[in-house]
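Have a look at these structures, which come just after this line.
First chain A sits with chain B, and in the next complex the same chain sits with chain C.
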Partner chain A sequence: MRSEVRFSSKRLLLTLMLCACSVILLQNYSVPAELSFTLKLCSLLLGLAVCFICFLPAVLLKKRSGGDLLSLVSRRSMLEQRAVGVFYAVYFLYASLYFLTPYCDMFCKKYYPDASPCLVAFLLLACCVYAAFKGANAITRFGIFLFVLAMLTNILMFGGSVSSLRFDSGAWAIEGGADAFARGVNYFATPCFIAAIFVCLAGEARLFKLRHPLIAVALTGLKFALVLFFITFAVGEYAQRQEYQTFVLSRVAHFGSFAGVESFYMALCTMSVFMIISLLLCCLCKSFNKSGSLPFTASFAVAAFVLHFIAASNNSVKEILTDPLLLNIFSICASVVVPLLYYFRSSFERSRHA
Partner chain B sequence: MLKKIIIILSVFPLVLGGCKSSHKLETASIIENVSVHKQDGQLVYTFYILTDSDTPSAVAINADSFEEAQSLAAEKFIPDMSLSKLELLLIEKEARSEVMPRDIEYISTQASFSPIARVAVCDNAVIEKMRQVSEAQNTIKNQIVLCKKNNPDVNTDYLSVFNSFSGGRDKTVTVPYIGGNGDFKVTTIEINK
Partner chain C sequence: MNNSLSELKSILQTRFNNSADLSIRYISLRSDQKITAAVITIEGMVDKEELAQVAVNGLLAYDFKSSNANEAFNIMLYSVLASSDVTSFSGFADFSGIEQLIGYITSGFAVFAIDGVERMIAVGAQGYAFRSVSEPESEVVQRGAREGFSEPLRVNMSLIRRRIKDPDLVFEQVTAGEKSKTQIMLCYLQSAVSQKLLDKLRKRLDNCDLETVLASGYLTEYLEDPHTSRLFSGVGISERPDTVCGKLTEGRIAVIVDGTPAVIIVPRLFVEEFQGVDDYSNRTYYASFIRVLKYLSFFISIYLPALYTALAQFHPEYFPTWILIKTANSLSRTPLPVTLEALAVTFVYEIMKEAGLRIPKSLGHAVSIVGALVIGESAVSAGIISSSTLMVAATAAICSYVTSPLYPPVTVLRFGFIAVGGILGLWGIVLATALVLISLCSKTSLGVPYLSSISPFSLRAMRDVFVRSSWRSLSKHTIKVQNFAETEEK
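Take a look at the complex of A and B:
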C-alpha cells in the first residue's frame, strides 16, 4: 500500500473544479431548451448552491478532525468499514460510468465515427488505472497542466464565437415551466460529485480554507454561464438540432480562415474525463483502504468496462447510468448524509465521554 | 526498464491499429464546395473535390434533395466522400425555393457538416464559370467575405442562415447574391421564410 502524501488544498480544489467543468463539456440536450437564458442562469445558481452545500459536511469533518470521512470510518469495526466501503465503491463506479459512457458516445458520434466505443473505453480505463495507481497527488499535479489547457481552449472557444453572437431580446425574458426549471436545477447540481470526492480526499489536503471550495464552485458557475451564453447567442437554434452542444460551439468558433477548435475541445474533454475517472478509482481504492493497489484498481476498472459494454448494447442500462437525478441522489448520500451521520455520531460519543 | 519497454511495445500495435483504414491525403475525397442548379426542370447537385489543378474536379448528380444526392455520390462516384471541410454551398436562383428550407433543414441534423460553411444564391452564369475554372470558387468566397464586411446584417454562413429561417421576428432572410458574367458582382437578396 502507498503511503499518503499530503498536498496543497488549492491544488485539490483546482483539480475538482476542472472535473466539475467537464459536466458542461459533455452535455447533450441536458439543459432544458424551453427555459429562457435568464431562467437557465437561475437554475444554474440554485444547482451550484446545492453543490456548495454538499461540501459543508466534509468541511465540518475536516475542521474537527483534520482528516476525512474514511479515516474516521477506519477506527470503527471491520463490518462497518466494509459496509461504508461497499457503498462508496458502488457510488464511485456509478459516477465513473456516468462520465465514461457519454464521453465514448460523443467521441464516436462527433469526432471519429469509425472508432469502437468499447475500444475507446478500454484505452481510457487502462490509462486511468495507471493514474489511480500513482495516487491523488500525481493526478492533482496533472490538474495544473490541464488548467492551462482548459484556459487556452476556453479562450479559443469563446473568443472565436464572439463574431457569431446575435442577441435575441426574447432570450432574456422569464419563460419556461416549473418542470423544466426543476430539470435544469437537477442537471446543474450534478457537479456535487466533486464534494463526494472531497469527502474521501480531504485528509490528504493541507492548509485548507473554506474559501477554496467556494472559489471552485464559483469558477465552475462562471464557466457554465459562459458556455450557456455562447450556446444561446452564438449557436442559437442550431444547437437544438445537434447532439453535444458544447462540441458544436467549438466547431462554430473561428478566427478568419482558422475555423473550428474541436480538436482542443476533444483534448480537454479526454483529459478531464481521464482525470475524473482516475480520481474516482483512487477514492474507490481508498474506501477499501487499498490505496496504490494495482490489482484492486484494475479489478474495478474491469467492472466499469463490463458495465460500459452492457450499456453500449442496452439502451435502458445506458439511461440508468447517465441519469443525473440518480447521480445527484447518490452524491448527496455520499457527500452529505454519510459524513453528517459520522459527524453527529462522533459529537455524541465525545459528549458522552465528557 | 524492461516493464516499460514491454508496455510501450504492447500499446504500439493498438495505436497503429487506427491507421488500418486510413487514406492518403491526395487520394481522400474532401468536398470543398457544393453547387445546386436546375437543368431541364431537375435539380443537379455538383460536388467539387479539393484539388490543386486549374480545372475543377467535380461530380454532378441529378437528385431531388441534398440527402439523396449525397448518398448517390457516396454510393456511385465518390466512395470516401467527406463533407466535413465543406466551405461553400452555392444555390442557383431558380433552384432556391426548392433547396432553401428543405436542404437547410436536413444539413442542420448532420453532424459532419461545418456550421460556418458559406451559403450564397447565384445566377446560372456563375455556376457555369465555377464548373470551368477552379479559381472562381476562391473568388466567390472572397466576394462573400467582402459582402459581409460591407453589410453586417447579411447571413453569409450556414449557421446564421439556419437560425434566421428557424427563429427571429423578420419575415425575410437576407443572403448574398452573386451575379454577372464572370465578374462576380455581389449584392444581397431577401428570401421569404
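Take a look at the complex of A and C:
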C-alpha cells in the first residue's frame, strides 16, 4: 500500500504566490526605466494576465482527471514518459539557475562583498537538496512561515519608506516606447513559472478551486505594484541608477534612528530562493517519478552547481541563464503547450472510445 | 499438564531456574480426604501478613469434611476465598495453565493450587513497597492538583479514572519486553480517539522487540514516526494525571508503563511544549502573557548567542553606538575570537549544569561558588572571557529553562547556531533556520503534523496557541488532534 500525503490547494497556491513574489525581490534593471509608473502598472497587469492564463491548462487537467500532467503521462509508453521527463527536468534546472544566479550575484555585491558566489550557491543548493528530499508537503508548510516573514519584511520596508514618499506628477503620465512596454510585459510575466510548478504538483493538492490561482496571481500583482510604487516615489531617481532596486528600497527604509531593514530583506530573499529551488528540485524528481530519492535530487543539484559555476565565469552563459524571455517561452511550453497537448489527446481518445 | 503439586513445583523451579524468591508453601486442608494445597508466591511481591490473616488462616480453619479435591476447589473458589475480606484484594480469578500461573505470580498475585486439580485461584495480594502519590518535581504547578503518577500501574490507572468517571474511558492492556513482560496500558476516550491512530500505536507496540522495558523512555523511540527528524520529540511525557486527562479529551492516547511514573502521550505537537497546567488555572490575560513569554524565551535561548556572535563578527554596524563601544571594548581585551568565546562559555555552563545535577546536595553550594566566582567573575577580570559574552550566554541559559521539555533540542540548536552564526554570519543563521523549519515541517507524530495548528494553519486552534482564550471560548469546540492528520492512504 502506497501512502501519499495530499495537502490543501490553498497552501500550495500560497507557496507559489511567495515564489512569484521573489521575482520582484531580485529585479535588477529589469523594469524598463523609461516607462512611466502608469505604464509600468499596465505592463504589470498584462504580464500577470499571461501568468493567470498559464494556469488554465493545469486547471483543466485537474478538473478532468483530478491529478496532474505527470500522472497522465505515467500511463503512456516509457519512451514518451522519458521524453516529457527530460523536457521538464531541463526546464526546472533552467528555472533553478534563473533564480540562483541573480541571488548569488546580489548577495555578493550588496551584502557580503568578500563572499564567494560559488560557495554561497553550494551551501544553498545543499540545503535545497535536503528540503526537496523532504517533499513538496514539507515545503508548502514551510511556506506559511515564509509568509509571516514576508509580511513582516513588507511592513518594515513599506512602512519605513512612507516618510520618504515624494509624489512626482510626471510619473502618472503615459510615457515610454512600445519596445520598453513589451520588455516590461515580458518581465512581469516571469511569475508564470509557478504555473509550470502547479502543472506538476496539482495532483497532490486537494479541495482545488479556480479562484485560488486567481487570488495568488492578484496578490503577486499587489506586491509588485507596491514595490514599484515605493521604488518610484520613495527612492525615485536614485533607485534607477542602482542595481537591485528592491534591496535599495529596503536599505533606505527607516523608522527614525531604527534602520537595517535590509537584513530582513536578505532573510526573505534567501528563504524565498531556498523555497523556489527546493520546489523546483522536487518537481524535477517527480518528472522522473523519483520523488524522495536523495541521490537523484543531489545529482541534479550538482548539475545546477556546475552550470552556475560556468555562468559565474562566463557572462554570455550568465545572460542566457537570466534571460526572462527565455524563461517565459520555456514556462509557456511547460505550463500551456504540453498540458494542452495531453488534454486534447485524452479528449480525443475518450471521444473515440465513446 | 500434570495436576500433581510436586510436578507443578518441579516445572516452576525449572522455569525459574531454582530462583530463591519463588515460594511454594504446602498446607493440609481440614478434610477426611487428606487434601493438600499450595500457596505459590514470589517473595517480596505479596503482603504476607494480610495474605495469611485473610486467606490462608481462613482456609486452614475451614472444615472441608468429606469433600474430594475438586469439590474442595469449588468451596475455596465460591465460599472460602470469596469472602468479603479476600475480595477486597485488587484481583481475584480462577484459571489454568502454567503460562498464566507465571504471569500472575510475577505480577504479585498469590496463587492457590490443590493437588490433583488443574484449575488454580489467583488472589491479588500485592504487597511490594512503592512510593506514595506525591507532587512530581519536574512539573510543579502553582494552582492545581499536587498529585503525580507513581510507579504501580494500578495506582496510576486509578488516578486517571478518578478524574474521568465515564465509561467512555478505556484501559487496554498490552505487554512489552520479551523478558520483562512489562504491563502497558493504552488509555483513551473511545468517543474522542481516532481508530486509525490507535491501530498505528498498537502496531508500533507490537513491533517493539525489546527484551526489557524498564521505563517509558524505552518505548518512545518505537513510538516516533519513522524517517522524521528526531531533534524534537514527537512523544510527550507527563507525570501529572490532570495533564493526561486533558490530553485524552483532545483525542490523544496515553501509554502507561508499569513501574514508571512518566506516562507517554501521543501524538505530541510542538505547540504543546508551551502549554502548562497553570495556563488553564490563571486568568486569561496572564496565561496569554506567560504563553508569549515562553515563545520569546524559546527564541532567545536559541538565537541570542548566535545573533550576538554574528553581529559582533560580521555586522557590528547593527549594534546601537553605545552598545557597540562597550562590546568592542570588552571583546578587545580577550584572547579568543567571539565565536569560540561564546561556544566555550556555553560549553562550560553545560558542564556545570550536568555536575550540579549529579553531585550530592551537600556539595552543591561549593560548586555554585566555584561556578559563579571562579569561572564567572575571575575569568572576566582576568580578561579570558568578555562580560558581554558571559551575559548573553547566561541569559540564553536561563531562558532555556522556561520551556524545560524543549531543553535538549534547544541546547543542541544553540551550539549549532553559534557555530553557524560565527562562520557564516546572519546569512548562515537564516539558512540554518530554513533547514530546521523544513525538518520540523516534515516531522509527524503518529501521522499528525508536528507543527499542526501553526503549519498546517488552523485559525480555530489559535485560541490556545500563542494566547489562551477564555474557557467559554475553549469549551465551545474541543479540537481533536486527529483533525490535523492529513495522511490519506490510497
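Assume the second predicted complex is superposed on the first by the 349 of 354 C-alpha atoms of A that agree within 3 Å, B and C clash if a C-alpha of one lies under 4 Å from a C-alpha of the other, contacts with A are read in each partner's own complex, and residues count from 1 in each chain.
Criterion: a residue touches a chain if its C-beta (ideal position, glycine included) is under 8 Å from a C-beta of that chain, and two chains touch if they have at least 3 such contacts.
These figures come from a predicted structure and were not determined experimentally.
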**OP:** Identify the partner contact of A:K109: answer first if only chain B is touched, second if only chain C is, both if each is, neither if none is.
**Re:** first
**OP:** For A:A267, decide between first (touching chain B), second (touching chain C), both and neither.
**Re:** second
Subject >> Touching partner for A:R166 - first (chain B), second (chain C), both, neither >> reply: first
Original post:
According to the contact criterion defined above, which of chain B and chain C contacts more residues of chain A?
Top reply: C
Original post:
Taking the superposition as given, does A:R141 touch the first partner, chain B, the second, chain C, both, or neither?
Top reply: second
**OP:** Could you look at A:A131 and tell me whether it touches chain B, chain C, both or neither (first, second, both, neither)?
**Re:** second
Original post:
Looking at the overlay, what does A:R241 touch: chain B (first), chain C (second), both, or neither?
Top reply: first
**OP:** Determine, under the contact definition given at the top, whether A:R251 touches first (chain B), second (chain C), both, or neither.
**Re:** first
Original post:
Which partner does A:L123 reach: the first (chain B), the second (chain C), both, or neither?
Top reply: both
Original post:
Taking the contacts chain A makes with chain B in one complex and with chain C in the other, which residues are shared?
Top reply: 123, 260
Subject >> Touching residues on chain B, where the partner in the complex is chain A >> reply: 14, 18, 21, 108-109, 111, 114-116, 157, 159-160, 162-163, 166-168
Original post:
For chain A, which residues are in contact with chain B within the complex?
Top reply: 109-110, 114-115, 123, 164, 166, 168, 235-238, 241-243, 248, 251-252, 254, 259-260
Subject >> Footprint of chain A on chain C - complex, ascending >> reply: 314-315, 317-318, 424-427, 430-431, 434-435, 437-439, 441-442, 449, 451, 454-457, 486-490
**OP:** Would you tell me which residues of chain A are touching chain C in their complex?
**Re:** 1-8, 11, 107, 111-112, 120, 123-124, 127, 130-131, 134-135, 137-139, 141-142, 144-145, 260, 263, 266-267, 270-271, 274, 278
